[in-house]
Amino acid sequence: MKVLIVGGGKAVYFLCRTFLAKGHEVTVINRSRDECVEMSRRLKVTVIHGDGSDPSILEEAGARGADVALALTPKDQDNLVVCQLAAREYGVPQTVALVSDPDNEDIFRKLGVGTFSTTRTLASLIEQRTALDEITNLIPAAEGRVNLTEMALRPNWPVVGKALRDLALPADSLIAVVLRGDQVLVPRGDTTLQAHDRIVLVTLPENHGPVLRFITGETT
Amino acid sequence: MEAKPVLIVDDEKNIRLTLSRALEALALETATAVNGEEALSRIREKDFGLVLLDLKMPGMDGMEVLRRLREARPDIKVIIITAHGTIESAVEAMKLGAVDFMQKPFAPKEIRELVRKVLSRDALVAEKAGDYGSHVELAKRAIANRQFDAAQEHVRQAIAADATKPEAFNLLGVLLEMAGNRLEAQKNYRAALALAPGYKPAEENLGRTVGGKGGGFRLGKSEHPPEDEA
Amino acid sequence: MARDLFIVIVGCGRLGSHLANRLSRAGHSVVAVDSDESAFGSLSPEYSGFRVEGDATELAVLKQAKADKADLVIVATRDDNVNLMVAQVAKAAFAVPRVVARVFDPKREAVYRHLGVETVCPTAVAAESFLQIASDAASKEGSS
């Protein structure tokens, strides 16, 4: 794959290294001359010094032949323009914009630009406070629109000893899998949760906190 | 729109201008004041129906102006204008008696809608006042459904429609008793009896509160079937 | 101008403040938005509109400026990308009936014009004026 990245910093550096290791071809557009020089010395990537939201720079960087364009600058507006130009003007099939302001995620998607946001994920991680030790994974799936969480049920939690049908989980959440010892159960209404069961929980970012509180009995 | 003139109180010229222009479209007469003192003297000179008051002003602060306005003329409605993000002060002002609030910035059509809404609430109350029987029935229904605020409103309107009948005073007594104010409740039961000696429900309610005779609240027979609630 | 509009002007620099002053004087209700409070110093003393201090690339700031009630949004910051983004957000998130953005870069302007974003390109406009003058000068030369 031909990957075009606009941006800089350590994250971009390691991303480039990862793509190269997978055998992809990488071009980086960066506004800082020093960073460009540094990167071209350390990695086998094509480096273009300039503004990635400038059509002539994108042209120079071979956007026309790129399979993916990643806009990873600190500014949402620059990332939006990079992706829109790449897609509309240079026909890049897949574009992803880094989004810092979570409010912008939905709009960017409405405008046809794929997004990646660390803000929402981090924010919901922090909300869980006490539950953090029980949570062993937090994976946003479906472009961050759904959370998958794996957690071990403590004996004193209110959901322990209840059958799923009697649980009254908050809306838009689901216990998808129950791991008991080495058994994997796809639960049904009569499945009763036991202490130390590990459950895989599906939630939306918006209700993640409340659903966790419902399960753990935290009343904060 | 038939209404008394509106007084606009704001230290900022642009707000005074924006508000006067916006209300012009409603064919409302407007006057302006640049601070609290001027506002208070204006309401003494002229009969205003509505005041648009900015909470944040130098000199006498908006809350103080509101307090004094309500004291001097509790019949004048007040809409407060607040800066963005100051919901707490808006709530405080509502507690002090403002009828609504508008956050800056606002589009002219927003303030027009709000003023129209506030002024027509008045008209609505006046319209409904004719229907004593309906209000009494709606009040009883509301009490039965434990909707005490609605009940109070209906009782108030019933009394406004006809202050010579006992039913509404009896219901007012019941509401007061439910709120724990036995003294005031008894006053209202007595008022009902004064208007209609021998009015059973009030008699029984009074008896209960005085002598601990037991029995529940007496709301009175349903004589007038209620019309559809608006 | 026939009726009063509710206009949000994003960017209160030389162009933005000039537009805000003129449109306010013409009787429209104006909200000027800028991330730098000192920019509002360019507004005339007669300016009768509102001021909102904040970064317009944040949805919350556009909400505060009541963009959802705007008849017209003019985006005139110094940054083309900000202007292009805010213009699209105003349409996509707030359904503003008419939105126009200043875009200095003619190449970017061309792409976005095709995307349906209404733009004014000072570079192109100035170029037209200058070319007209050059053309006039050339024809005078020819006839002398």
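Order of writing sets the labels: A, B and C. Residues in every chain begin at 1.
Here, a contact is a pair of C-beta atoms (placed from the backbone, for glycine too) under 8 Å apart; a residue touches a chain by one contact, two chains touch by 3 or more.
Not measured: the values here are computed from a predicted model.
Asker: Which chains does chain B share as contact partners with chain C?
Answerer: Where chain B and chain C might share a partner, there is none at all.
Asker: Any idea which two chains share the most contacting C-beta pairs?
Answerer: The largest set of C-beta contacts joins the chains A-C.
Asker: If you average the CA atoms of chain B and of chain C, how many Å lie between those two points?
Answerer: 45
Asker: When the centre of a chain is set as the mean of its C-alpha atoms, what distance in Å lies between chain A and chain B?
Answerer: Distance between chain centres, rounded to whole Å: 52 Å.
Asker: Round to the nearest whole Å and give the separation of the Cα centres of chain A and chain C.
Answerer: A distance of 35 Å separates the two centres.
Asker: If we count contacts the way the header does, which residues on chain C are in touch with chain A in the complex?
Answerer: Listed in rising order, the residues are 57-60, 79-82, 84-86, 88-89, 92-93, 105, 107-108, 111-112, 114-115.
Asker: Using the touch rule from the top, collect the residues of chain A that touch chain C in their complex.
Answerer: Residue list for chain A touching chain C: 53-56, 75-78, 80-81, 84-85, 88-89, 101, 103-104, 107, 110-111.
Asker: Note which residues of chain C are touching chain B in the complex, please.
Answerer: It is residues 4, 6, 27, 29, 31, 47-50, 52, 64-66, 69-70 of chain C that touch chain B.
Asker: Over in the complex, which chain B residues touch chain C? Could you list them?
Answerer: For this pair, the touching residues of chain B are 13-14, 17-18, 21-22, 84-85, 104-110.
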